[in-house]
Structure formats: C-alpha cells, structure tokens
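Naming follows writing order (A, B, C and D), and every chain is counted from residue 1.
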Amino acid sequence: MTEATFTKNEMMIVAAARELAGQRVCFVGVGLPNIAVNLAQRTVAPDIELVYESGVFGAKPARLPLSIGDPTIVTGATAVTSMHELFAFYLQGGLIDVGFLGAAQIDRFGNLNSTVIGPYDAPKARLPGSGGACEIAINARQVFVIMRQSARSFVERIDFRTSPGNLGGAEQSERIRREQGWLGRGPSVVVTDLALWRFDETGELFVESLHPGVTLAEVRATVGWEPKLAASLATTPAPTSAELRLIREELDPGGAYTR
Amino acid sequence: MATSKVATMRDAVAELVRDGDTVAIEGFTHLISFAAGHEIIRQRRRDLTLARMTPDLIYDQMIAAGCARKLIFSWLGNPGVGTLGAIRRRAEGDGPDRLELEEYSHFGMVGRYTAGAAKLPFYPLRSYFESDLPKVNARIREIDSPFGNGKVYAVPPLQPDVSIVHAQRADAAGNTQIWGLLGCQKEAAFAAERVIVVAEELVDEAVIRADPNRTVIPGLIVDAVVVEPFGAHPSYVQGAYDRDNRFYLDWDPITKDEAALAAWLDEWVYGLDGRAAYVEKLGAARVAALRPGRAPSGSVDYGTYP
Amino acid sequence: MATSKVATMRDAVAELVRDGDTVAIEGFTHLISFAAGHEIIRQRRRDLTLARMTPDLIYDQMIAAGCARKLIFSWLGNPGVGTLGAIRRRAEGDGPDRLELEEYSHFGMVGRYTAGAAKLPFYPLRSYFESDLPKVNARIREIDSPFGNGKVYAVPPLQPDVSIVHAQRADAAGNTQIWGLLGCQKEAAFAAERVIVVAEELVDEAVIRADPNRTVIPGLIVDAVVVEPFGAHPSYVQGAYDRDNRFYLDWDPITKDEAALAAWLDEWVYGLDGRAAYVEKLGAARVAALRPGRAPSGSVDYGTYP
Amino acid sequence: MTEATFTKNEMMIVAAARELAGQRVCFVGVGLPNIAVNLAQRTVAPDIELVYESGVFGAKPARLPLSIGDPTIVTGATAVTSMHELFAFYLQGGLIDVGFLGAAQIDRFGNLNSTVIGPYDAPKARLPGSGGACEIAINARQVFVIMRQSARSFVERIDFRTSPGNLGGAEQSERIRREQGWLGRGPSVVVTDLALWRFDETGELFVESLHPGVTLAEVRATVGWEPKLAASLATTPAPTSAELRLIREELDPGGAYTR
C-alpha cells in the first residue's frame, strides 16, 4: 500500500499526536510539535486547546505557522495576551497540561540541554538557549520531548542542564518537585525518529517501541548508554493512511517539516 | 467545540458557592455583580470570607444578611456618599458575631490576587514603608532583595474559592470580554479555584474570536456563564448603562438603620426570585434613564493569513 | 494639547540613542523595528548593550555591523530556520571583540522588564529550579518567601536607556495602540529611560481616545514618534503585512558567510538613506504579496456620559 | 462684587488648583481634588494629565465624576488599564507628579490617618482605610493634602498612621526616604477650609496664608498644637470671578461639592 510508505518525521508526528489523546491544553512549539498537535486536534484530541508562548490561547491557525509568532495563530484566536500574562497566569498558574520540548542533548533521566555544546565559557557550539523551555519543564503538568536520536544527542552526560527532567532519578526528582512545589511531574514520553521512549519507575528512559523497520542495533548505535528496553519490545503502529493524508494534504502540503 | 457552561444564577450559586468559602465579587465601581450577591443572600450562604478591594453596597447587603464572618478589603465605604452601616456595626461591635477585618492598601489587594493567579508565594511592592498597616496585619511583611538593592514589602497570595465577574459579553464556553475599567478582575479570576462569569450578553464564539486582544478571561478557567442583563445595577456597565448614583445616595439612610436595611432586603432580595423580577420592579423608566448615548470604539483589522 | 513628538528616524536615533547605551528593540516575531536597527547601524553607534528576548535577524545585523559589545537575551536563533551567524561568531570567538552574553529564560527576560517598569528591586518567578542557568548567570538568584511557603528565583530589574517599539498606530503625542501579539513591549517601554515609538500610521488623538482599552503605551513615556510604513519588514504587522518568511530563509546562507553579510549590509543598509528607499528597493510586487486579507475586529460601544 | 462671595469649599478648590501650576501628571481623587484639578486644567495647568487609580490615564470627563470609577472618565480617555498596571507602572513607576490625599487626622508633620479613630482593635470609629493612599504617599513625587481643619482632625498624635508624611520631622523623613529609595518627597502643601499650610525646614506645618475673612484665633482653635506661622502671614487671594464662574457654571453646576 502506498500509504504504508512514510518519512521518519511523519512517524514522529503521528506518534506524538497519539500521545495527546485525552489532553486538554497544550503548549505548542514550532515545527514537528505544532504539526503533531494540529494532527491530534483532527484525530484523537478534538477539544485540545493550543497555547503559544507568544501569547495566544485557543489558536485556530488557517495555515501551518512557520514561526511561533505567526500572524495566522492570532487571527481567530480565543485570546491574545501579553507574554507576562501567558507565562505568569497560564504556564506558571498551572493551566498547561502538556508542554513540548526539543533539545540538542538528553540524558537517560530526560534532562535537556539546549544551551551549549562544550564548556559554557568556551563552547564548541553555541545553541539557542532556554527560551521558555526551563519554565515549561518546571510548570507544565507533563512534558513531551521530540528530537532525533544520535550518539551526539542521547548522551551519558549533557554539557549543560537547561531544562530539568528526572534529575538524578525518579526518587530525587519526585522529592525535589514535591518539596519545592513544582506543578510539573516532568517528562513522560520521548519521541524520536527511531523509537518511542518512556520512563520507568527509576525515572530512566526505556524503549517502549521501535518504529516500523527500525532495528534494535540502530537504536543502540545512537544512544550514549546501554538503553533499557520494554519487557516486550513493541513496534510503533505505522501511520494510518488517514493520518498521512491529514499531514500531507492539510497540515504540511509543502512538506516543510515532513520530508 | 467546548460544551456550553451557560447556567441560571440560581444553579450557578447553588453548585459553585459553598458555606465557608472565600468569595471575591470584584469590579472597581464598574461591573459589580449585585445579581450574584443577591442570589447568595437568597440561598442563605453562611461563614463566607468576602474579598473585595472596595466592599461597596453589595457586601454591606451580604454582611447585613449574615452571609459573612470575615472581610478582606482595602477601602471601606460608599464612595462619595458615606459609610457602610451594616459592615461598620459588625466591625465596631465586640459580640461573637463581630466581623473579622483583614485590610490592605489597594495595591496590596491587587498584589495578593496577582500572586494567587501566578502561583507565587508572595508579591513584592513598594508600599507600607513607615505605615502602621504592617503592625496590624501580619500578612504584610518586609522582604530584602537578593541583589542588595533594598527592601520592599510583600503580601501573600489570595486564591478565592470562587471569583465572580460581571462582563459586557461572553460566549457559551466562558470566553469573556470587558472594556472600560478592568479593575483586578483578570487577576481575581485566574487566582480562583472556581469562576462564575455573569454577562450582559451571550455572544457567539465568532464575536470573541474576531477581537482576541479584547478577551480578559478565557473559558478555560470559567465554570459557569450566567446571562443576566442589568445584573450589575446599581453599579454600571460601560456602554450599556450608567451608574445609578441616586441608588448610592438613597442607600445612606437605609444602611444607617438596621430595621430599614432588613426591610430593604425583604423587599428587594428575599421578596424577589431573581434579577428579572428586580429589573421589572425597578421600572422601565428608571432603567431607560440610565442608558448612555453611543460612543463606538471603531474597528481594527487583524488580517487573514493566508 | 501636548506638542507633537513626530520626528524622522534619523533625528530620533541621533538624539535618543547614544554610544554605550542599553537598547531594547522588542517585539516577539511581531512588530520588530528593523527600520530603527538599520538607522542605528547607519549612524555607527558603538558599544551598545542590546537586550531582546529573541535577538532575531535585526540584532544579527547590528552585531555584524559592530554596534554592540553585549547581548542580553533568552532565545538565540533564526526561528524555524537556523542560526544567527554573526552573533555566533562573535560569541564563540575569544578575541577582544568577543560578544558578552547574558542569558535568561523567556519568563526571566519578561520579569526583568516588569521589575524595571515597576521600579522593583527584583522580580520573583517559579523557574530555574535545578537548571544550570543560575550557575552561569549570577543575576539569577534564590529568594525565600517571607511567609514560609517556599523559595523561588528572582531576576533584577532591566531598565534600558532606550526602548524602541513598532506599532500599528500612534498619535502625535505618542499614545500608541497595538493589536495582535503584544510580547513584552509595554513592560520594556515603561522600564526605559527613553522611548521611541515607530508607527505604521500616524492617527488623530480622537482615534486613540475612541478605544482607550486598546492603548498599550501612553504618550507620557514616549520621546519620539517616527512614522515608518513597512518599518518592521521582514517581521510583520498584524493586519498590515505578513511576515516575509522568504527573507528569513534567505538570511541563512548570508549569515553563515561574513563577506556575504558585509555585502548585504552595504547594499541594504549603508547603501540606502532610509526606510522609504528600502521599501522601494524591495519592490512593489514583494510588498503587495505580503498584504493580508481583511478580518475586522468589530466595534464596541463605550457610551457617552452624559 | 457678588463674585467676591464664595464658599469655603470654593476657596479650597481654588487654592488647590493654583498649586498645580506647572504640574504635569496628577493622581486625582473624587470630590474637591477632582474639581481642583479640572479647574487647574482650565486655568494654570492646561496640559495637566488626569490619572485615576481606577485605571484611567488622560481622562476627559464630560461631566463631574461622582465616583472615582465613573464611566465618564473612561469614554474619551487616552488609556484605560488594569489597576495592576496603574499602580505598578504609573504610580510605583514614578510617573505621578502630584497625588491628592485627604484624611480624618493629620499631625504637625503631615502624617495622615484614614483608618480608625481610637485603638485599632476597639475603634471609636472605623474609617474607610488606605485605599491607594499609602502607596500614593510613598510613590507620588509630592502630595497635596485637602481637608477641613478642626480640633478633631489637626491633632498632636494621630491614632493610626495610614500614610507616611514627614514622619518625626524632615531630617528623619529625608533620611528614610533616601535610604529606602522612596520616589516621593512627601507632602508639600495642605489646603484647609481656613488656611493654606506649607512645611518648614524641620518638616513641620506652618500657616502660609489665612483665607479671606478667617482669623488667626479661628485657626488656633481648630489645631491641636500651637501652630507655626509664616514670618509675614498673608491672606490667600480670594477666588477670582473667572475661577468662580468655571466652578459654578462648568465644573459643579449642581453644587454637589461646593455649597
């Protein structure tokens, strides 16, 4: 079946969208998360509300936003506010169910680096920095991570902790989040181009399912530690023809993010 | 998309306002929900902690009716007219039913709601220096800046169990738009556990979405939408009706006389089953006299993309 | 009533932007005053500290032109496209002209402007817990609540010498109205010592007064009003023109190549005497292609009293 | 001349209005201050901007506002904001040149009480409280006080300090205001129904001028301490016929505040 052929990005979008089933309010980033949330709105989460850190609640984009501040997310939105109000009352106020984050590096406990590669004062590479990521990681009820995996991105030690994940493990993370009254429970799922990962009771990532056609060897080769695996390692259900049609015909006809 | 939250005032108050709650009916002169206050009196809620920057006539009435045990406020009076007799009698007395007062300055009250809305443990402000207010309210405390650039005062978050906001218009999902004085309604609503919006007019979602910058409260935090035209009388609604200053003047002799106040409550609250009856009793002539002339804002263009 | 503050961009920058100043050209994706940034480059300002949540292409250009010694920011990149080459080269280098970076999260930057606008010694927020950011920025510090209900982090006030805000419309006194994304322009303007408003359209005071809730910046804090249609290109103005995403994509190869960037500055900044010439050079077809369709907000009624 | 006859309130309004010459931004209260500022706008301070704590900047009231939140101050205003913005950015931000305050009690150093008469926990009389007065006293560049004087209002010791004035005197007040970085310099003038008062170098009130027809005995009889007097005690210039016409025909034709 032709619809059985799909790109790695399409698989990531579909896998992330399915995770949004039952979620109510989602903090959207540009790129893949944006397409994933829009797909979820058309499939598993019809009532999901899109919140953009640029100050938009209840966006109804008429086209695929090419930036997080695209005018198409403003026209027809439910509310447009100052960024102070968005961050203070919506995010910090505890109204966000899911925040999407990407990163250049992630460790086994889901801590994220989007600041620098190498030492902070003499970086090998200067990355964009936090943006809203640090406060999203702390205040969104749960965090979905979307990123490609490679030996350079899935590392034993991240060079800089921009956004806290499960810290040194579940026990420490739960204690600190409780003691300091964080609203966020931390990362719950990591969707990559090869697999879907969740966190076990120790707070460590494990491979829940491999995307169709992906081998365990490929996954191991792109992770800087010996990855844990689900007791019964599943295969991520492939995108359905309906999901692919929505992505290709409605959400990203130009293929800006999906090719 | 979202299911309708439209409810009658009776059902909204019955379901969302409970004995012992901290209730904030906010609105600075503008948009005070007298309709909600009267329904709370009719349903005989008790032991409420009432929060409002300016308690105004509505809290004088609720306190006269025995709904409250405590008042959190920043300015207590009938603006430009005189005192609030019921509150004053309960506050100056020393019986078991003495009304507990917790007072701040205006900015302190705004700061308490803001901290509540932002889930902050405190709100810092440059007030209270060398004032006696911190001496009589332990919830106003000094705080040093961690940057060695001075000390300010802080107030703690105020998170009402219920905030009630009157507005010009809302849609069925509770997305609410207000123009004119905004007071601290946004902060009070985001700070609250439950929110009741009382709207002059129920509008289609499309009306809200046509001007998203005008939205003050998102339906996301709203539990019930009550459509109650003239529900803010004798306060006012910008563009819809004027403040009934005569009512505020007439209140002065009533509030000074417990019997007269009890009689007023019997006639205008207990004796009526809701706002529609109240408006009918007010009479068409008085209502008509409060209608303003028109002053259109004009329209701006948000553009379509694509 | 107030005297006119209308000025040319050249005069406004010459008078209000000085070597060594801390300058904030704010606007989140929306309303970024490229016109002001280009004039600052043309007038060869030096040693500026540039503050912006998202430095965007305009600061990449200003830093390539040698205007700045320091950057205060929260997200550094060409959104959805790639990196800002000039900034990255200056930041990763270790020469004497290395660009000093001072970084926060988005909310931290908003908080810094808010504290600056409110003359507070710090702004508290629930971010930075267990992040390395406080380790590399001593201006992010812990603070304990005086109410024993936990600790949060604080950032210090940021008070730019000059804040520059692009807007849909302003009157000659500087009263400014914005719709669409509001970013942190209000906070950046109130926090600043001097404010330049760049408006797509100069309107009569009566247009502003017809919808006072739409006013974001009062003329009271504005020093100059520059009327500069299309002055935010390649960013956008809600309702007036779309974001020129092609420009952002085309920037990627230019910013990666110092020579190409220098040539671009010669052609598009030094080689032109102002925004009008820039718009003419862009060409009518490209400008026309960015015009959106119409989406009117509708009008509300403020009423006349009496 | 008939216009030479005027009420005590009219004298207070006119005296206060004249003090606004050269002032730019004024925080307006209801009642006498409101009429005074409107009179100043029509006479000595044509460019003065009216700010109301209810959230209005650049008000152009079409009628005399009967409350501080009257809809007439909204329609046609330059800006209408949340009270948070008004108090945080306008007042605390240092944009207010003059704030008007009244009170039930004032002491010789201009400290004000608008909270209680008698002990706080067992008051003889419960007063309205601070409202915005406490932050106005601290953040407005200077404060004008308007109040009637009597043995009960001009007292040796106020029962409660709602709004700080010159504290225990100029030396202490200036030191504390400097050390704590207050933006306000404190009270600069007190206008009563009998006289116009200023503060001397010690921070204590002195009688600058007696209103026409007022005797020093009347003033002494209505002050709870031995009041200081100006070296050459003047008589407050009477309201001009132009000032009276503006008040009676434009600002308060109903005489709500001036009779």
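Going forward, a residue touches a chain if its C-beta (ideal position, glycine included) is under 8 Å from a C-beta of that chain, and two chains touch if they have at least 3 such contacts.
Here the structure is a predicted model, which means the values were calculated and not measured.
Per-chain Cα centroids separate subunit B from subunit D by 29 Å. The distance from the centre of subunit C to the centre of subunit D, with each centre set as the mean of the Cα atoms, comes to 40 Å. Within subunit A, the positions touching two or more other chains are listed as 56, 70-71, 74-76, 80-81, 88, 92, 183.
Shared interface positions of subunit B, i.e. residues touching 2 or more other chains, are given as 114, 118-120, 125-126, 150-151, 179-180, 182, 186, 210, 213, 238, 242, 292, 295, 302-306. An unclassified topology is adopted by the chain contact network, corresponding to no line, ring, star or complete arrangement. Under the contact rule stated at the top, the pairs of chains that touch are A-B, A-C, B-C, B-D, C-D.
On the subunit C side of its complex with subunit A, the touching residues are 28-30, 53-54, 73-77, 79-80, 88, 91-92, 94, 103-107, 110, 114, 125-133, 136, 150-151, 179-184, 186-187, 236, 238, 242-243, 245, 248, 292, 295.
On the side of subunit A, the complex with subunit B involves touching residues 25, 46-47, 49, 56-58, 60, 62-63, 70-72, 74-81, 85, 88-89, 92-95, 183.
Of all the residues in subunit B, the ones that touch subunit A in their complex are 1-2, 114, 117-120, 175, 186, 190, 205, 208-210, 212-213, 215, 218-221, 302-306.
The touching residues of subunit B, when paired with subunit C in their complex, are 118-122, 124-126, 139, 141-143, 145-147, 149-152, 154, 156, 168, 177, 179-180, 182, 207, 210-211, 213-214, 238-240, 242, 292-306. Subunit A meets subunit C in the complex at residues 30-31, 53-56, 66-71, 74-76, 80-84, 87-88, 91-92, 115, 120, 122-123, 125-135, 138-139, 160-164, 167, 176, 180-183.
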